[in-house]
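Structure record follows, encoded as structure tokens.
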Amino acid sequence: MEDRTQQEQASPEIEARIRESFDRQGLMRHLGAQITRIAPGRVHIALPSRPEVTQQHGYFHAGATSAIADSAGGYAAFTLLPENTEVLTVEYKINLLAPAVGDHIEAVGTVLKSGRTLTVCRLEVFGVQDGRRKLVANGQQTLIRVNRPEQ
Amino acid sequence: MEDRTQQEQASPEIEARIRESFDRQGLMRHLGAQITRIAPGRVHIALPSRPEVTQQHGYFHAGATSAIADSAGGYAAFTLLPENTEVLTVEYKINLLAPAVGDHIEAVGTVLKSGRTLTVCRLEVFGVQDGRRKLVANGQQTLIRVNRPEQ
Amino acid sequence: MEDRTQQEQASPEIEARIRESFDRQGLMRHLGAQITRIAPGRVHIALPSRPEVTQQHGYFHAGATSAIADSAGGYAAFTLLPENTEVLTVEYKINLLAPAVGDHIEAVGTVLKSGRTLTVCRLEVFGVQDGRRKLVANGQQTLIRVNRPEQ
Amino acid sequence: MEDRTQQEQASPEIEARIRESFDRQGLMRHLGAQITRIAPGRVHIALPSRPEVTQQHGYFHAGATSAIADSAGGYAAFTLLPENTEVLTVEYKINLLAPAVGDHIEAVGTVLKSGRTLTVCRLEVFGVQDGRRKLVANGQQTLIRVNRPEQ
């Protein structure tokens, strides 16, 4: 997947469906997260630093870090699915490699395997300070494809 | 651990240290989470339902579910540590077993193994509706003990 | 699941299907593993200590520990499925809590959630020495139900 | 880590220590696994196909797949440690992406983060048939550094 996603952009239809779904995620809005890139099999979500997303020492809370990682993986999976389907997270595992600090953090979800029923994504989260990026969390996620509920 | 935690309460000192730490977690306050029980090796955290913690279908977002699970496990580990130490999450894995719905969800972190350096916790999250509880997520977490930074 | 499994035995048909499948697992035979209990939603597999299953310090190798844990979870899932279906492991996560030592180790797979497509199991492995049991590994596993291939 | 490991070989001392440790792993010998590459932060282990490492359909058993993945990650971590230390697996998580088939499978352990106490590795396993490689499993592992026991 990785080579493809370096070059391509997702179709406008997919991008619109993802943005519309993202806007309905109350948590993402409440945290202040934003989608910063949508490519086939890869989605980036950024979260600016502010007191509302911290743990007790002022770093980004692991819950905020993994919330945007989970959403980035979910939408990455979504870019490769047929219309009228969507995905639910089955499970994920995340290692918090370093204190999550920076102007903002950025989660990158990348599809490793897109199957008929299940999708597996790699999750990475970077701390970004003055343009320098450092890997602060790394994980892996399993998602299941479901038929889209009627709107 | 489990038998002990059914009966005991944590000491007032530990309870005070946990509540003081929790109050400094900007994310927990921002989400509206509350500690509802502190026992040796077990901590409960509840999160009421409201639009700010949802995903696109109105269920609790997996990120919110796992944020309180992660904090519950962290504080459960904390109850068994000597003074002047604290814990950082090394990693966790969580399965989202069912849509997280209810008046509120409640995360229960329980210490499975408390070692000199590492602690391993079980994470459970229940959806609670009108007093009925349903397991909606189940996970496992590894934490590392660190010396407490000077205040 | 847990209460039920304390009391019940799996039906003779399910037990026969599991033993027949287990006997075809070359790895289990090669390691010397044996099924020691089959109940609805719970299966036990034991592995006697011998040099062929060790790591460099003479403990049971994490690979042997997790091999029997994975199989125990898979067959636990299998006990709750309709005929003509079987399960494949999607993923698992395991914490190695203590050196795996003893006369033998015993893996216990327990179904936490049995869904239409996916099953989630708890995996536990105990070191057993002179009848005393100690938890040496704890994990969680996701499995997918598939139609049974024609024999 | 990844760029460095493309070009370098581990020092002869480290290579000798790893091969000597590997030879003491009864399980690896019993399965028929072999170390095929040792670079700083990356180790490859191959396992030829034979009935003794299969599950009930003749594929490589998930237990065999993850046993060599776990060992590959452990030795990858080991390449970056000071003398007189070694590593124990704390936990790992692995997704089985596709049936593990081929002449042989090859596990690649790569260090993502080498800290003072903990190391985190990426685990990949490829099925290899007539020189063609396919990713069949992908995981993530946490290890802890310990002082080497006296020999």
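We just call them A, B, C and D in the order they show up, numbering each chain from 1.
Criterion: contacts are C-beta pairs under 8 Å (C-beta built on N, C-alpha and C of every residue); 3 or more make two chains touch, one makes a residue touch a chain.
Everything numeric in this text was worked out from a predicted model, so none of it was measured.
More contacting C-beta pairs link the chains of C-D than the other of the two pairs B-D and C-D.
Averaging C-alpha coordinates per chain places the centre of chain A 29 Å away from that of chain D.
Distance from the chain B centre to the chain D centre is 33 Å, each centre being the mean of its Cα atoms. Chain centres here are Cα means. That of chain C falls 23 Å from that of chain D. Within chain B, residues 90-91, 93, 95, 120, 140, 142 each touch two or more of the remaining chains. Because contacts link each chain to all the remaining chains, their graph is best described as complete.
The residues of chain A lying in touch with chain D in their complex are 93, 95, 97-98, 112-113, 120, 122, 135, 138-140, 142. Those residues of chain A that touch chain B in the shared complex are 21-22, 24-31, 50-57, 61-64, 66-68, 70-71, 88-96, 149.
Those residues of chain B that touch chain D in the complex are listed here as 90-91, 93, 117-118, 120, 140, 142, 144.
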